[in-house]
Structure formats: structure tokens, C-alpha cells
Amino acid sequence: MNWLVGNLDLIFELAVEHVRLSIPPIVLGFLISIPLGWLAFRFRLTRGLLLTVAGLLYTIPSLALFVILPPVLGISFLSELNITIALTIYAVAILARSVADALDSVDPAVRQSATAVGYGPWRRFWGVEFPLAGPVILAGLRVAAVSTVSLVTVGILIGVESLGYLFTNGLQRGILVEVFAGLIGTMLLALLFDLMLVLAGRLLMPWTRASALTPSPSARVVTAVQV
Amino acid sequence: MIEFRDVRKEFPDGTVAVEHFSLVIPSRETTVLVGSSGSGKTTLLRMINRMVDPSSGAVEIDGENVLEIDPVRLRRRIGYVMQNSGLLPHRKVVDNIATVPLLNGTPKRQARERALQLMDTVGLDRAMADRYPSQLSGGQQQRVGVARGLAVDPNILLMDEPFGAVDPIVRADLQQELRRLQQSLGKTVVFVTHDIDEAFLLGDQVVILQQGGRIAQRGTPAEILAAPADDFVATFIGADRGKRELRVREVGGRRVLVDGDGRPAGVLTETP
Amino acid sequence: MIEFRDVRKEFPDGTVAVEHFSLVIPSRETTVLVGSSGSGKTTLLRMINRMVDPSSGAVEIDGENVLEIDPVRLRRRIGYVMQNSGLLPHRKVVDNIATVPLLNGTPKRQARERALQLMDTVGLDRAMADRYPSQLSGGQQQRVGVARGLAVDPNILLMDEPFGAVDPIVRADLQQELRRLQQSLGKTVVFVTHDIDEAFLLGDQVVILQQGGRIAQRGTPAEILAAPADDFVATFIGADRGKRELRVREVGGRRVLVDGDGRPAGVLTETP
Amino acid sequence: DPLAPDTGSGGAGNDETIVVGSQAYYSNEIIAEIYAQALENAGLEVERQFNIGQRDAYIPSLESGEVDLFPEYTGNLLQFYDPEATATTPDEVYSALTEALPEGLTALEQSAATDQDSYNVTAAFAEANGVSSIADLAGIPDLTLGGNAELEERPYGPAGLQSVYGVTVGFNATGDTTVDALVEGQIDIANVYSADPRIQTEDLVTLEDPEGLFLASNVVPIANADVADEISDVINAISEAMTAEDLVDLNVKSTVDEQSADDIATEWLTDKGLLD
Amino acid sequence: MNLIADALAWLFSPDRLQGGNPIPLRFGEHLFYTFLSVIIAAAIAVPLGYVIGHTGRGRNIAVALSGAARALPSFGLILLLVLLIGTTRAPLAAVIAFVLLAIPSILAGAYAGVEAVDRRTIDAARAMGMTEWQILRKVEIPLGLPLLIGGLRSAALQVVATATLAAYVGLGGLGIYLFRGISLRTYDEMLGSALLIATLALALDTVFALTQHLVVPRGVTAGRVKDDRSTSSRRRAGAGTPAVTGKG
């Protein structure tokens, strides 16, 4: 407890650093995933290829990826860029699939009807398909954000400071509270990101909040089973 | 007038949906395409607004081949109503109705004003204007769909099983509403259904389709009923099951018309 | 005989689906419950095989309160067919049909043999026996559903909108098939639909329900048609729209019966 | 080349800011923090690049000028540059180090404080086997040495024990948990930094090193030659003031009292009258 | 790309089979920890997941749990448990951490699998007179198997990744080379072992993917008769894969 009282500034500084490291991969991952997800959604062939590659990349343990990337990309091992790129790759791996699934989830009838009333392809994508894909994309974005915040901590093992510093430093000094603070801090940050995304979703997608007049048939079936 | 001239459609996967199809659809009347699943009704309907382009043959509107019209512009001129309404779930009712005028650049205020008027036309309470489609019942959604189809005051209204998904009672209501509307608006309506009763109810001209868009029979409902062209038509309209052969039976002092199976179809009100 | 005595069902969320419902369902006949969405048809049907238990009142089968019968045993004695067939997607057609006999311990060989016979009964080609449900058309799936419902040779067959999801032509086929079956098997069939035409076609007794399971009218189809009990029934069966009031008109030398709107309903074959 | 340091920040060209680095080791970080605070007190702009990892990781950054100042340990650093080095006493090591340092790096004055690798056993083990020096280990069967993973490759690791003292050991990479592993009996000999407070708190016996397997390792500030003159007065004063006891004391404050490096540094500088 | 050649040279050098850290030993350790933890986690999570999926009770808790688990930094969790349980019992602490990390995905796979079964199918099964146990055993489990395997798959990958980090507290496994490489800045070792770990993860992933493919009940894969344009066959988005949990 001693430690906690004396180190609130440190925790705060590290948290700020942690946030700073977390944002670029999430934002970049999101931006990159839109065209990739669209490609995967639009063309069967690219879908298989893209999602397989994404899945494989996601499979590689983070620390290993931090080490493999620099020689492949010709960047410095110590560089923050390394972490940013690695975490962006993970975010893309999650989000490209989400975007593809999300576009898939758009009712084809709505897509058809938008075409039928005279939407051109570009306008239809941004005015109809993308917003309607929103809820599923958001779900993916939440997963990506939370997992990015959690993965940033591994960066400490190659010298990139974040709340992960509290893990190694706490272990060396044998201070349980310090490690615990790192753990809780990271989870709180993740929660914060999640909350902000949920709020942003509410704000940007008001129709998802509108409660249906009649329960949808599937919802009714579910309740019927619980008798 | 809409004219199909020896139209054929083969989809990229090799399915031939429609072949040797020719038909004249007169203006200001309702033409109903009726046929079972896969007979090519939707495909034919969509050729009119270029959602599908024919592989060969031509579709003309007032003498102009549709292939010469830019599809986006063409579609904005033609109303289209489909099953499940096809409303944009993320737009309020009023914005859904105003979609096409807005796409065409009509000022927002004006478009919304017109949308509210259309809500009156199709019998929707203006109080629903700010709801999202999911907050409406199926029947109300279909009304919004019709209102949207009418928003640019099109000469042509295409309707693809617009009432297929609603409850029979609501459907009967919507059918009546459409008849009323059509009497006052006088659009060229092309209506697709696979319900022969609906076809007989709504169609000035009824076209019965077989697989591949082959026309089994074309005529007014009474013509078809009086003289089914062949066995297929007879089966389709239920004549072969005796469903259309009605006999009179006394029940409780009233003259009930029963079909071949003894199932009642109605009550006779007037002797010949 | 199945009897409902002043049955009431309130769901845990407070919805009162059915209230003060009493009805006698005679044996070896088809009773159709018809009404619009949410009127409690499914709830009532499911009280018979204890998929739903009444909050108060009693449901009796041949004088025995179903609450005194173990639900699993009860259900194995009662056939149940529902919309979308509810087949097990990971079992072949023949195994789906044989499910309940197998649960009851019938030897596999015998159960399959019986399943194949049932496929004949419901008009399914035996060649489909080794397919999976997803490899069948909707209509075929429903036939499998019916065969499965018949597999234990139950006295009671419950059918919840069994043909709601299939194409009208296939539906007409299945309806005919069911009539034929019923004539030869003589089960007690309780059939739920919201299509009044289907109710009139299949029901020996038709029960028209309003919200909350209130019985608006009960009787044979002809009785209901001849004398609708009230405005609700009149609307429901289309009498108020003149749909059931037929007049005779000459078309091409035949006497066509037309309704209030001038839409044809059939051809008169025999004068009173 | 991924081994090349990042040139994104700091750099020798940047005259205004002194970049102070530290290892990913709390004790080293405290010293670095002391340097940083003292420099700030002297009116210089300071950037902290702490937690860079092991020597092999940060030396390139130091050589390239990405980092300007780094608290080091004379013996370990000398061995890094010259694995064959024979010097053992603090002064010998220091002068050998000044020789061995590449151009561009300057060793400022070394401090009396030492923090060197040392081999430790539990008091019970020492008594039972009668050992007080590494040499006494020779002949004891089935010994296991524990330490960081990289110890296995170091000249003073298992190979050095064998060649210098004829002691045969197995190796267990116990990392940051070495002391606990020793106390629990998983290993017999632990490589612990001599200023580690747990040598006292856990009642360990540090084995003597008569053959000089370990070089004397005094705290020494290594600076980039470009800034060495500018900062030498401030930093040398710190080396002068810091005693061996001070270092253990600083470590105790960190691990037992759980104080932050920041506070510990301020407190020490204030005590020594180095802040104004 | 020279570095990669060096890394491969390190990896395939005969030295890797000798000394204190032979690769086969570390590889075996890594797999051992992975399978042990996944098996323990499965023993806990699968029955629990089935209960949740079948009854629908506790679902919200399970969802919240897997959400929280995704936010849990696995490296921090190991260090915390090591400090709590004692550094010398690091293997125990690590296995507990792995199990904790593996449970949410497996739980999600188990209940999502059961839940993804069409409610109408279950309703029909009950109406036919299946007991609850029969419904679970004959309908829900076989139809939910692919999603369960999916859950085991992400759990295993999660553990493989985290076991790498566990070398930091002296657990052994393949991470040991990675940490030593990073400390010594020996790039061939770092990269070589990273490649080895990545390969292990990919191989494991492939095995699970194949299994997942194999356990899809026939009939679910069997082709639709025709016209899969129909909207009814569209799966609920996201229902196909259990929620991805965190990674290490």
C-alpha cells in the first residue's frame, strides 16, 4: 500500500503512455480493415486468402512477432514503431474479419432496395452498407481495442514503457501491490476504451437503440423455450 | 407502356431464368405477374429498372430501350416496393420516404414535407414520422415502403410481393388500400405475387408464368377463370381441385357456395 | 377427446397469453385454431403436450389431466409438427423420422423399416432416406416433419402452422395430402394457422380466436361462413369486404362468381 | 538492420537535451534518476530513456549517441568490451576500461559504490559444506547455479567456474526469481548483485572470489564524449558522494520501503546537499 | 534477409540438441504446459458452459467474464500469481494463470455452441419427448461441437503465447531462448526462437482447424438443395466463431 500512495504520479504517467501507445494501432487497424474487409466481403477468393492470412498472423504470439517484424520490415527493434506495427497487425486480423462479417450481415434486401431506389455503388456503401454494418464492426472494434490495450504491456519486454513496467519492476522489487496496480490499471484502461466505443456507437447509431415494437420472431422463440 | 421483346436472361452461373419472353404492359393499369417460386417473376420485374439487364432481347419504356438510360437515373424515376419493405433500418420513417427526393437533391425541408403528405396518402399516422422502421408493425412498414415508392411521383410502380410477409388480415387491408390508391393515382403498376387470389384481386391484366418465364396464360381475371388455357393454369388457379367449381348448399337458411370438396367459399347473394 | 377447462396462461414476463379458455376437441376429427398473430394459438396447442403448463384451469386428454402425466412420456405419445419442420440437421431423414421410436427403445432396424413405410405414407421418395434435411426442399422437409409426427402412431397430432413457410403451390399439395391422410388415419388433429382459407379447407371444427385466446366463433366452416358471429369474424373471413358475397356474371358463356369488388372467385356449376 | 538504434528521438546532434538511459533494473534506474535530477538541478534539459534492458541492448544506443549518459558498472562493462581482461582491483579495472571504451564514449569518475555479480549460498549451505569461498565449491557434486538466462553464456558463468576454480555446476535460468530459488533450495548457488538488500535480509553468504573471476564493478557514469565536459562536474560530484552502503540503502528504500525511484533520488541528493 | 538465414542457422545448428537447453526438451515443456492447462481448463469450463448454454442461466456472467478476460494482460497475471504463490512454485503459478486464461474461451465455445443451435430444433426435440439430458447429449453437444473446438483452439493458442512469456519467471519452454536472445541481443537466437514459437502456434492452430472441420456434423455441411440466396440461411454474424479472447 505504501507503494501505491507514493506512486500515483508514476501510475498516471504510465497510463498516459499506455493510452498513447494503444490508440494508433486501434485507429490504424480500423482504417486499414475497412478496405480489406470490403475486399473480403466482395470477392470470395480474397476472402479465403485474406482471412486465412489474418488468422495466421493473429496466431503468432506477440513477443515472437515483436522480434520477427524488425528484420522483415527493416525497422529498429527498440523502436516504438515496432510495437505499433505489430499491434496494428493484430487489430487488422480481428477487424478485417469483423468488417467482412459486418458487411455480410447487412440484409441483402436492404442493399437491393437501396440500389433499386437509385443509390450509386459509392453512395450506397457509405450511406447504407457501412452504417448498417456498424453494430457488428463496433463489436469487433471493441474486441480489438481491449486486446490492444492488454497487449501493449508485453512491450515492456523489449523496453517500451507502459503499465507493463509495473509488472517487471514489481517482480524485481517483490512488490505485489505494484504488479497488481499494473494489472488493474490495464484492465481499467481497457474498460475505458470499451466504454467510449460503446458510447460512440450509441451516439452514431441511434437506430440500434430504438426498441422494436414487437419482439422479433427469433427472440420469441428463445423466450418460449425457457418455459 | 412497357414492352418486353423476346427477352432472355441467363445468369453468370448458367441458370436461364427467362427465355423468349414478350409482353406489353399497358400504362395506367395494374399488371400482375403470378407464378410459383423460381418462375422468373422477380427477374422480369427487375429488368424494368435495370437491376437486371437482359442477356438478349429488349425492354422498352414508352419506346425507349432501358439499356440506353443510365441505371441510377432510371431507378430514381421508378417506384420500387418489395417484400419486407426494404426500408433503411438506420433512417427514420420520414427520411426513408424522402430517400429518393433527397438523392435527387430536393432540399431537405421540402422533401420531408412531401414525405409527411405521402404518409397521409398511404394511411399512416404522421406521429410515426420520427420512428425507426423496427418500431413499426409489418403492415406499417409496408405502407412506408409504398409511400417511398411514390415519393418521386413516378409513372411506374414496381411491386415485388409487397404484401408477402404480412399477416393475412393486414394483407387484406393493404390490398384494399392499394386498390383505392390505384384508382385515384392511375400509375402503371407491375405487381409480382405467387398468390393467385391476390393476382385476381389486384390485376387488371394477369400474367400466369411457368418456369423460365413462359407465359401460360394472360388475360383479365374473369377470362382466365372462365377458360383456363391448359392444365397448368387449371391447377394453378385451383380449378382442377374443384376449388373453383362452386355449388350452392343451404346452411342455416343461407345459400353457401361450396367447392368440390364441400369446403365453403362464400355466400350467394343474387341468382342469375 | 381433449378438453380445455377455463384455462389461463400468464408468462413470467406478465404477458397473459390466454384467459378463460374452454374448448372441447373431439377425437378423430380435425380442429383448427385460427387467429391473427399473438392470439395465443401456439400457447394453447403447446398446453396439450405440456410444452407450456397452464397457470390455472385444466387440460384433459380423455378425462385425464395432463399435469398428472410425466411430460416426456406424454410427448412421446403425441405427434408434433411445426413450421420449419424442426428437424435435427445432423441426422439423416430416416433417422429423423425414427427419432421417437428409437427414444422409446424400438430396435434400430425395425424403427428404420417403419420410417421408410412412413415416407411412403407422406409421399416422400424412399431415395431421400439417406439425405440430410438441408438437402431437401422446404416442402419435402415438412413431409418429413409429418412423418416424424406419425412415427409412434399417436392418437393425437398437433400441427403448428406446419405449412406456413412453403410456397403456395406446394402448400396446396401438402394440404391435400393431409386431408387424404386424415381420411385414412382418423387421428385427432389440432391444427394451428392464421390463414382462414386453410382453416376452412382442413377443419371439421374451426375455432376463431381473438387476442388473449378469446373464442370469437366456433363451428363448421359452413356454419361460420353462413352466419359470422360478429364483426370481428366477418372481417376475419373477409365477409365485410364483400369477399364472401358472391354474385354470378356471364363471361365467355360460363357463369363466373364474382365478389363485391367484381373479382372472380369461381365458376358456378349447378343452380339451386 | 534491426540492431541499429532508433534514431527517432534524442541523438547526439541534439545539444539541448541530455538523454539519460538506464537498464531494466530498479537499482540502476535509481542511479540514473539521481543523474537526471542533478542535471535538471543544474539547469539542463533532460530526457529519460529508462528500462532499455540489458547491456547488449543499450550499448549500441549509447555508442550512436541516441543515449548520452548511462550509469554503468566498471567490471561488467570492461568484460563486455574485453572478455579476456585480467584486471581485478577497482583502479586497475577503471583504467583498463578507459582504454577499452570505444571512441566517443567517456567514463566519468567512478564511485566507491559497487554493485557487481557475486555468487551466494544460503547460510545453512555454507555451514553444512564449510564453504566461504568459490574455491571451496570444487568437488561438491550436483551443484546447480542459478541466474539470468544470459549468465550461461557469460565468461564468469558455468564455463568460468570450471576453468578458473574447477567447479562443475549445472545451470538453471531463474531470472528475476533467483534469490527465492536459492532460499527454496532449487539452486545451490545464486548470482546476485552485491548491492542487493536480500543478501542481508535473506541471510545469504557471499562467496569470496580469490581468483578474481568477477571483476571489481564500481558504479561509473558513461557519457557520450560530446556531452561529457558539459555534465562532468555535476555527475562526478555524485560519484564522489555515493558510497557502497548508500547503494544498498537506496535499494532497500526501493524494495522494502517501496519508495519510487524519483523520491529516493531526491532524498539522497538532498541528504548529500547536491540539490539547491 | 541475412538475419533470417542466421536465425535458421541457429535453429538448425546441432548445438541446439545439446547443452543445458536442448530444443526438444524446451519444446516438450512448452507443449506439456499447453496441453495440461487446456485439459484442466476444459474439465472446468466445458461442463459449466454446457449448463449455461442449456439453461441460459448465468449467461450474462459468462459473457462479462470472457469480456474481462480479454482485457486481462496475461503477462501481468503470471507475475502476479508468481508473487502471490511464491517464486519457486512458478510452474504452479503459471499453470494456474494459463488455466485462468484458457477458461473463458473454452467456456464461450461450449455455451456458444449450445446456444447457436436453432431454438426451433431444440423445441422440436423437447416436443418429441426427449429428456433435457437427451436434448443436451443428442442435439446440443453434437451440433455445438465445432464451436467448442473453436474455443479450445483459441484457448490453446492463448496458452502457447502466454507460456512464451512465462519463461520470464523461469518456467522454461521455448520462451527461454527468446528472453536470452533479447537480453544478449543475439539476433539469431531471438529470431530463430521466435520463428520456432510462431511455427508451433501455427501448427497447433492448423491441427485444431482440421479437427474443427472434421467434427462439423454431416448434414450441417451437406449442400443446400439450391438457391442459397435466400436470406434465411444467412448465419447470424459473429455466431460462427466464439468470441476471440485475449492473447499473450
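The letters A, B, C, D and E name the chains in turn, as written, and every chain counts its residues from 1.
What we mean here is this: a contact is a pair of C-beta atoms (placed from the backbone, for glycine too) under 8 Å apart; a residue touches a chain by one contact, two chains touch by 3 or more.
Since we're looking at a predicted model, the values are computed, not measured.
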Any chain in contact with chain A as well as chain D: E
Centre-most chain, if every chain is reduced to its averaged C-alpha atoms: A
Chain pair, A-E or A-B, that carries the greater number of C-beta contacts: A-E
Taking each chain's C-alpha mean as its centre, the one farthest from chain E: B
Centroid distance [mean C-alpha coordinates] between chain C and chain B, Å: 30
Chain centre separation (chain B, chain D; CA means) in Å: 86
Centre-to-centre distance between chain E and chain D (centres being mean Cα positions), rounded to whole Å: 40
Inter-centroid spacing, chain E versus chain B (mean Cα positions, whole Å): 53
Chain B residues counted as touching two or more neighbouring chains: none
For chain A, residues that touch 2 or more chains besides their own: 71, 107, 109, 158, 168, 171, 174, 214, 224
Multi-partner residues of chain E (at least 2 other chains): 3, 82, 120, 123, 126, 168-169, 179, 182, 187
Footprint of chain D on chain E - complex, ascending: 3, 20-21, 82, 86-88, 90, 167-170, 172, 176, 179-180, 182-187
Touch list for chain C against partner chain B, complex: 36-37, 167-170, 172, 176, 179, 194-197, 200-201, 221-223, 225-227, 235-236, 238-239, 241, 243-259, 261, 263-272
Residue ranges of chain C touching chain E (in the complex, touch as defined): 46, 49, 51, 72-77, 80, 82-92, 99-100, 103, 131-137, 148
Contacting residues of chain E [partner chain C, same complex]: 118, 120-121, 123-131, 134, 138-139, 142-143, 217-220, 222-225
Contacting residues of chain D [partner chain A, same complex]: 1-8, 24-26, 50-53, 57, 61, 176-177, 254-255, 257-260, 262-263
